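Order as written gives the chain letters A, B, C and D; numbering starts at 1 within each chain.
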Amino acid sequence: MKLLEYQAKEVLASLGIAIPPGKVARTPEEAAAACSELGPVAVKAQVPVGGRGKAGGIKLAGTPDEARAAAAQIIGMDIKGFKVPLVYCETALDIGREIYLGLTVDRDARANVLMLSAKGGIDIEQVAEESPESIARLYPNPWRGPLDFELTQLVFDAGLGELARPLAAVINQLYRAIPELDAVTAEINPLVVTKNGEVIAGDAKLEVDENAMWRHKDLEQRYGGVLEGDPYEVEAKKRGLTYVSLDGDIGIIGNGAGLCMSTLDLVQRAGGRAANFCDIGGGAKAEVVENALAVILMNPRVRGVLMNVFGGITRGDEVAKGLVSARDNLKMQLPLVVRLSGTRAEEGRRILKENGIEPGASAWDAAEKIVELTRVRA
Amino acid sequence: MKLLEYQAKEVLASLGIAIPPGKVARTPEEAAAACSELGPVAVKAQVPVGGRGKAGGIKLAGTPDEARAAAAQIIGMDIKGFKVPLVYCETALDIGREIYLGLTVDRDARANVLMLSAKGGIDIEQVAEESPESIARLYPNPWRGPLDFELTQLVFDAGLGELARPLAAVINQLYRAIPELDAVTAEINPLVVTKNGEVIAGDAKLEVDENAMWRHKDLEQRYGGVLEGDPYEVEAKKRGLTYVSLDGDIGIIGNGAGLCMSTLDLVQRAGGRAANFCDIGGGAKAEVVENALAVILMNPRVRGVLMNVFGGITRGDEVAKGLVSARDNLKMQLPLVVRLSGTRAEEGRRILKENGIEPGASAWDAAEKIVELTRVRA
Amino acid sequence: MSILLEASTRVIVQGVTGREGTFHTEQMQAMGTKVVGGTSPGKGGSTHLGVAVFNTVADAVKATGAEASGIFVPPPFAPDAIMEAAAAGITLIVCITEGIAIQDMIKVKDFLRGYPAARLIGANCPGLITPGAAKIGIIPQNITSRGPVGLVSRSGTLTYEVASALSASGMGQSTIVGIGGDPVLGLTFKDVVELFEQDPATTHLVVIGEIGGSDEEHAAELLARGSRLKTVAFISGRTAPEGKRMGHAGAIISGNRGTAKGKEEAFRKAGVAVAETTDEIVGLLR
Amino acid sequence: MSILLEASTRVIVQGVTGREGTFHTEQMQAMGTKVVGGTSPGKGGSTHLGVAVFNTVADAVKATGAEASGIFVPPPFAPDAIMEAAAAGITLIVCITEGIAIQDMIKVKDFLRGYPAARLIGANCPGLITPGAAKIGIIPQNITSRGPVGLVSRSGTLTYEVASALSASGMGQSTIVGIGGDPVLGLTFKDVVELFEQDPATTHLVVIGEIGGSDEEHAAELLARGSRLKTVAFISGRTAPEGKRMGHAGAIISGNRGTAKGKEEAFRKAGVAVAETTDEIVGLLR
């Protein structure tokens, strides 16, 4: 679960990290009121992606009128596929220096990594590429967390020794996002040292492990649903499906993430574009298939559906029967190509054919077929 | 720091463990009021030692009048050297079974140990001696704390598998006394399972590491000073001395715990009895010596003082000069024998002699001398 | 022969009395896997599917001498189950559970450093099967057949599909290992390839990888150092969209690693044939 | 020769710029100890008492090749200092600090399991000295002299007294080790006795124990298995009052162990002479 900036800052503040004064505004009026209260502010679009500054999602406002105008422009804007639901009005900091502080899972090390750099600011990825040695790293033991001497070494390695005490404190606070929130990424960039020496989070990114949400139901309750995401993804989530919207026109269903991904690859290879990624898991039960088809058919761009299912313990003939009834229940009219393999695949294919559903001889054949069928209709 | 029962129960409750309803009473009237509110109660002396039941420190009271009478009897009583400052009035539990749950430092294992036994109740030490296998043990890793499967094994090993869930929960809560309070001993005996299946702390013992009090200043503030302890120990603590009152008549000062203990041994061997243990630490500075002498001389039982000092980095002549001035400042009249060894011991002894203080030729000689001098005065 | 699992391996099932545990234990038994016990706290002393149930893994190991365990418990409990198995002396731990929190797995990985003899497969994996001998997990035995092809994969159904295709064309498998799709997992491609390399009964190898991480690259580096196995690799996810990224931490750590292209190149450099679709695998392997 | 510490041992001081650190570093230097550096976060790059100061132990080890460290920092920071030294590769860590929380030391002991080459002496100890060669800690060098007696003790000033008496009667010491009085500590009597046993320059041994714990008993068991050292033991605290006890947990764990009587008996059983007063030690050792 990715938190918006204001949500992430609320969480950081609860961990003890200083944040600038700020207020959420859902309307231009609220933005004007926030500016009256706080004085000059930055009006910032709240979306869970980077690059909003370049996209025009951040504007400075010296007066309530300016804040009202800025919010009117920003709220509802589309930034990288996200409709901006609200803005965050925040007072500007008297910046002395900008530091980068990040925490994430290093997949290859199978461990968490803390990163600290004196070269904070938006170009940190470039810094990482050009002078990786200027980003100091620490891999804390997951049971112990970062030890004091490790933090001291990290801070001195980053060339920030004169800030050893305040930085060690902030890093310990940020690290608490792991035990307390199951953070998989927590980042403060820039971590601002103001001209009078305070250490304050200038921006904040926080992503919580979806697999750990059972430990953090409060977070879901508190921050879930603020963002208007993709409507099909929202619906799919309600139905318990693993679904990602893409920008093509061929609906894809597979059982298993790997099979599903390889089906996307085949469709592209055959010259088509997938409308989604939808993994219905190992079992391929009739009810789940019906749910997946229903969500895919909600999308008016979809011109046909390719389903790639392996019958393992659930046999191919059962999968076919379920699929036929799902199509019938949904009164589906669009072309449907099904590639069925594994146990009792032959019987399954026979059932599909008898019910007017095109079986693919192989995955590649099925991909070519659906691309052809959707192209003909165009 | 040893907490009283009611304090320990407050702490357990803050960790999430269920405790019976109860109220502290500092006067018989308060006890009567507590009984009016709670109904029939046990009126329990609050002292930091075991065996108060046998000493008459626990009485049952069915009515406010009985509670008033019981409190009048108990408050101010002396139990093993502790004057009872207040009582705790607690409702009785509907006991189904009694379990023993304890947590302490196993010095030989250099680790914490959790102990659980189905044979709870006051005779647990006897159980430990006669059937040690009936007390299940777990040594949790200090960074990880007890893991779920370890707790499950502990509970089944103790023959309490049918209570695995509630017991694992209580043990986890009790264990929090280590990270949150630096407990060196935390014990619930009995841990009561009521007839309707609730798990409640029937009694509670909690001792917090004195060396960790800097992490727990709130505890000191909240619970320090309730107990009227030995007045000399209280005074010594104020002056920053390591001092324990004993019941003899010869005051003892040594620098270093080992030297001090071996001095006690020598006095006993010579036929005398020490009035205290007082370790003034390695340096033996004049000011510290004066503080130690001052506390020892407060005790009217003291008939003479034996001081055993090793001059290491602080030289013997300096120690001797400091000692002479301390004696003079305090206008000390009682016999004083000093055994001075180590660096410049000769010069030190000469200074002592010149100032009328008896130097011992050896520690044993000094012990014999002070025993003789105090015996003569008797 | 085979790697990791043989007909004689003594296996227990953690969570044996649950719905999933029951179903798959029956499947495991059906193909002859030597299931010697199961665990379910509070049900110790009873019998389920003809095997003894114990309260804890330590009890089960003491009574049965089990060496391997299959874990079928929900995500909040699976990390503890893995640690319990390792602490009890189990040397092959197969965790099927999907949806384990990543921080839990990071702790488990650190815990396992204290038990170097314990090998973990998964979590979020279909387990492993030595056709005709035994399986731990959920790989359907009816699509497998005995033979010389080692198969290791991060994906579940993709594995089944490839195994099925191999069997259909007469190329049996020595052992099939589904290592699982989670970012933090037990045995990696490299670990499993090393085992196949040492197994005389394995002469061919199929590696089914996926975008993300560098595990495929590490396996390719190993194969590049010289291998006696005829190997085909396949990587799925070339066209998968990059997760809508937020923050730079992930990018700083992973840089340009983890793309399908990079992985395919690594295998080609190692002299390994790369299949562009799963349909091509059998042909390239012959 | 000696154990643990020689004239050539490269030593750093953690907390070198503090009051205690400064004073005792001067003392250590005065007897010729090879102090090659010190640490004090934020003062890296400066020089103190003629030695280079570093921000961290890792930096100091990298620059100086230090093998040993003396720790002179307050109790809240000492546990971290010990772990830092071990993680940086220091193999002899001497922690003088008194008053460390017991839970901190339990964590440190567990941490040190990951660094088996690191030997910790203390905390709450006077450190160690190899007379005429080097010292780490606070044992006054002027009361020591070179010779064949190994001395190991839980007490500070009692050690000084015995060393002083030995020196006065012409019996020099090979190495004197104050292992410290805390319940959870680094090297134990047994560990140190084993080292003396292997040191050809040590022919005699004095063990100064105290009531509490079973460390003296374990050393006695070792000596009972046969020793080439002429040994005298002394136990202080026979008449010390038992702490006013509360709760049963401590009693369940320690039972009847830890009394002066029990310890003396253990040594007598091992064929070791037991001194009843410190004055007797020299006579019994001859």
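Simple rule for what comes next: a contact is a pair of C-beta atoms (placed from the backbone, for glycine too) under 8 Å apart; a residue touches a chain by one contact, two chains touch by 3 or more.
Here the structure is a predicted model, which means the values were calculated and not measured.
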Chain whose mean Cα position lies farthest from subunit D: A
Whole-Å gap between the CA centroids of subunit A and subunit D: 56
Where subunit B and subunit D are represented by their mean Cα positions, the distance between them in whole Å: 27
Interchain centroid distance [CA atoms averaged], subunit C/subunit D, Å: 50
Junction residues of subunit D, two or more chains touched: 111
Residue numbers of subunit A (touch at least two other chains): 141, 143-144
Topology of the chain contact graph, where touching chains are joined (line, ring, star, complete, other): other
Listing of all chain pairs that touch each other, if any do: A-B, A-C, A-D, B-C, B-D
Contact set on subunit A toward subunit D in their complex: 144, 147-150, 152-153, 156, 161-162, 164
Parts of subunit C lying in touch with subunit B, wherever the complex brings them together: 41-42, 44, 55-59, 77, 80-81, 83-84, 87, 111
In the complex, subunit C residues that touch subunit A: 27, 75-76, 99-107, 109-111, 126, 138-140, 142-143, 153-161, 164-165, 181, 183-185, 208, 210-215, 234, 236-241, 244-255, 257, 276-279
Contact footprint of subunit B on subunit A as seen in their complex: 141, 143-144
Contacting residues of subunit B [partner subunit D, same complex]: 2, 48-50, 80-81, 100, 102-108, 110-113, 115, 124-125, 128-129, 135, 141-143, 178-179, 182, 184-187, 189, 205, 207, 209, 211-212, 214-215, 244, 246, 254-259, 261-262, 264-269, 274, 277, 282, 310, 312-313, 341-343, 362-364
